[in-house]
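Have a look at these structures, which come just after this line.
Shared chain: chain A. Partners: chain B in the first complex, chain C in the second.
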Partner chain A sequence: MAAGLRPGRALLSRRRGALCALLRAARGLAARPETHFGFQNVTEAERREKIYQVFENVAEKYDVMNDSMSLGIHRVWKDILVHKMNPSPGTLLVDVAGGTGDIAFRFLNYVRSVRERQLQQKLRNHQNLSWQEISKSYQEEKSNPLGDSQVVVCDINKEMLKAGMQKAQHLGYSEGLSWVLGNAEELPFDDDKFDVYTIAFGIRNVTRIDLALQEAYRVLKPGGRFLCLEFSHVSNPLLSRLYDLYSFQVIPVLGEVIAGDWKSYQYLVESIRRFPPQEELKAMIEDAGFLKVDYQNLNSGIVAIHSGFKL
Partner chain B sequence: MAAAAAGSLRRAGWRLWRGRAGLRCQLYAPQQGLHASAALRRASEEQRKDPPPSPSTQQQYDPQQTDPHPEQEAWNPQSSYTGQGGQQSEDYESEEQLQHRILTAALEFVPEHGWTAEAIAEGAKTLGLSAAAAGMFHSDGSELILHFVSQCNSKLSDLLEEEQKQVQLGEAEKKPTDQFLRDAVEARLRMVIPYIEKWPQAVSILLLPHNIPSSLNLLTSMIDDIWHHAGDQSTDINWYTRRAVLTGIYNTTELVMMQDTSPDFEDTWRFLENRVADAMNMSSAAQQVQSTGKALAQGLMGAAVTITNLTGLNQRR
Partner chain C sequence: MVRAAEQRAAPEPQRGGGGAQPGTAPPGTGGGAAARGGAMLRGCGRGAAAALRGAAGSRRASGQERQGPGPGRPLEPSLLRFLVCPLSKRPLRYEESTNELVNEELGIAYPIIDGIPNMIPEAARTTRKRPPAEGSEQP
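Right after this comes the complex of A and B.
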């Protein structure tokens, strides 16, 4: 796994990473496609392999760890994402790197409540309904509570999908939900299929972000929306110092204590630092062809939601 | 499921069609492959590289364009690819124009859904876009209302220009000011009638703090327009008082109209007539007060001089 990374040497690994970067710059461009895994430099194939293993290891304790690391705030972030999406009934959503299904469940809840409100509004507007019409509308509510909305959860990692399916069963979500194994850089879907494409805390782990963005563009219908929720760059210097302190000192320890896996959470915090900042990601999204690209910082940059439209 | 299959078939069909369009447009930017959506990507890249194209530069790109108003409608690479309002290509349109098109299409769903994001989503669907395109706009529907108001204002402006042209050509009589104002306000308010049921909602949304600058802007420019066409050329305080008075008349008449149930809003137009008459009287009343005041002042001065003369206090003579 991560060579030379021992528990408690977080600082050393950072210096080593910086040294590696210097060496690489001195050498000039490497021959093989070099990319990063946290603060190490690895080939693309190695990176994919390592990331797969990381998520295989954390799949079972993923939700618990999310809650403990972000002090439960990740739920608010995901709620804000779905609120921003404001899906109407009949929307087709693909949640890529959706793993344990957080976004998918929130989407289903939202769409269900919008549908209920729509049916209530319809009843209220028509004031001279016969008993037949009223009972028909109640039947409609029971037979089609989601209004034909569907969500496809796509993830590259089988363990994460398994954990998600178990959670869905446990929470009672069955309708309008499907689970697909797939790579974000090469989605197993047709062109022009989905209304909304979301990727929450997943695009950081994709090796070729530009390919993933191009795939997103491909599978979206004209008028479709791309939404990306991801850790991003904090510009406030004081907050940035506190955040770094918390990330590098507290999170790997939590990982060891709760999930028994220091290295995976070390990778997590390092990968956040290596991810492009808001403006750069915005430029990459525009390059893939999206229009009206914009981002919204949550918690002053700890997390950012990027949004773009295929027009 | 069947609907989804039909939808994907339809989209596959359009994709083929667009693919052909992509083939013929190869001279524009051969970097991307002949991907079905290459045309859109190319166009958006071009738009980002150049500043938003003016209608004249757009002319260079497509000599076969049949639509005389390029800024109003999207236009097509070849004349054979003309959909009857529905699946038209948005390739050479800017984002703004597309947004305008979506909002215009959304207006017909307003009586049913109100001034909300749902109406915008329905409008986007009629243009062949996904309902998610409504996410481009604010979720409370303010852009839809502002778009509608500015559309009404430009329609009013065109109407007034027409009238002015007719008067200049001698085809029509020049109307007296009060009649002119009455007709202009009535014409403008009649444009709201199709949406009158949901109009109170619209007015309340326009009064939200983040909408006030734009709505105030639209209102003042409309009133200014009316006065300009009425022939107002004042350069003193009258400029402000006239506009303030007309704004008051317009707003109160709008409020009356919202709860008017008489046939064809007769009560509203009568209310408007009375208010305009009041305004006219007010200006003549102001003049009268002024002249009365002057006369009164003179009278008092004269009385004071007479008294001082009588009592012998006036030593000067």
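Right after this comes the complex of A and C.
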């Protein structure tokens, strides 16, 4: 009798096992490293590879495409990010996924102008300076215009970094600027090093966002700030429909016409839709250990700046 | 992956004293000549403007002059303060002869190409004959 029952039980357990596997497959993320590339489902390794190729293809035309797709508004978004950061001279910034250096250059400009204003203020307050002291103060400004501020641009894609270095050369940025080829999920930096960590339009392309957030927490000094500028979700239904129309009908066409690459820009638009909305990203940032996490919607949620502190 | 051997160079001695601008030679960034051609035209105009604007603090020596894809540039000394091995988070040693950042414990070396250190674990070269104790993990 027991013998008769045993194979029956074995059969049942096997069927249960198969059912469990099916449930797990349906749930997806927990068991296997399956993830998405735009609207396709791919493995994590495939996703990394595909994203690398996307940015390898678009690197040269990246800035031009940004301008044409966002009608130049992306510059305003990045300006707002740096203004929100409000860096003072002496700040150490790590700009992850910073490819072509947009945030880094703005940071350097901002810090330079703050420093100039500081020195001018100092001069104005000391009215009885001798000629010698005044010229020494001007020399100070000349020899240390950034006030020891530094920015390290880290990106996983070589082509984007090369494009960024060339841009830096043309625009005349050299001091206080370094470039590193690295993975946001595994940063090659020591703990407690940086004052500010920014990732602008990059976290969407990271495969394991939780790892990137943990690394961000690790490399920031206590008191350091995490800033993330990223496309997000529009809640207004009318605007959302217009945005969808623009995204799916206009942007890939622009991609084809300007960069000769429909697929990469199709990926871009799809990846925006797949990215978690504001509240979910806020929860993920809090999970990584950041405090006082908040977000600011720009353009009704087309773009959002998330901010958190390591306290 | 580009091996460090291809980019063997005698690194120029870095004279980065205080805040003074190091007069490094313009980088030999290898790359598509076509891309650079178009970028150069745009860059020439902006380069001139930047030169005029940057009269107070002279930046690059001459952005126009371009050497061929020359030997890899040495690493900026300020970066060494921050860089550690991405796998073990341990400090690295800068090896001048091969222009690499070496992690002794794991026996791996990260190449520096055109002044950009390549800190992706897959790009690292093993320095020992046998594979390192901790295999290079997937990020």
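FYI, the second predicted complex is superposed on the first by the 280 of 311 C-alpha atoms of A that agree within 3 Å, B and C clash if a C-alpha of one lies under 4 Å from a C-alpha of the other, contacts with A are read in each partner's own complex, and residues count from 1 in each chain.
The rule is simple: contacts are C-beta pairs under 8 Å (C-beta built on N, C-alpha and C of every residue); 3 or more make two chains touch, one makes a residue touch a chain.
Quantities reported herein were computed from a predicted structural model and do not represent experimental measurements.
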Taking chain A as the common reference, can chain B and chain C both be placed on it without clashing, or not? Answer clash or fit. fit
Examine A:K292 and indicate which partner it touches, taking first as chain B and second as chain C; both and neither are also allowed. first
Contacts for A:L161 in the overlay, against chain B (first) and chain C (second): which applies, first, second, both or neither? second
For A:P145, select first, second, both or neither according to whether it touches chain B, chain C, the two together, or no partner. second
So in the superposed three-chain picture, is A:D190 touching just chain B, just chain C, both, or none of them (first/second/both/neither)? both
Please indicate which partner A:G182 is in contact with in the superposed arrangement: first for chain B, second for chain C, both, or neither. second
Touch check for A:E60: first (chain B), second (chain C), both, or neither? second
Comparing chain C with chain B, which touches more residues belonging to chain A? C
Please work out whether A:Y52 is in contact with chain B alone, chain C alone, both, or neither, and reply first, second, both or neither. neither
Looking at the overlay, does A:H170 come into contact with chain B only (first), chain C only (second), both, or neither? second
Closest approach of chain C to chain B (Cα atoms, Å): 6
Footprint overlap on chain A, where chain B in one structure and chain C in the other make contact: 148, 190-191, 193
Which of the residues in chain A end up touching chain C in this complex? 45, 60, 141-146, 148, 150, 152, 156, 158, 161-162, 165-166, 169-175, 178-183, 185-191, 193, 211
Mind pulling up the chain B residues that touch chain A in the complex? 3-4, 8, 11-12, 15, 35-37, 40-41, 44-45, 48, 90, 95, 98, 117-118, 121, 124, 127-136, 139
In the complex with chain B, residue positions of chain A that touch it: 84-88, 90-92, 148, 190-193, 195-196, 217-218, 220-225, 286, 289, 291-292, 307, 309-311
Within their complex, state which residues of chain C touch chain A. 18-21, 26-27, 29, 31-32, 35-36, 39, 42-43, 46-47, 50-51, 53-54, 56-57, 59-60, 63, 76, 78-79, 82-87, 89, 91, 110, 114-121, 123, 138-139
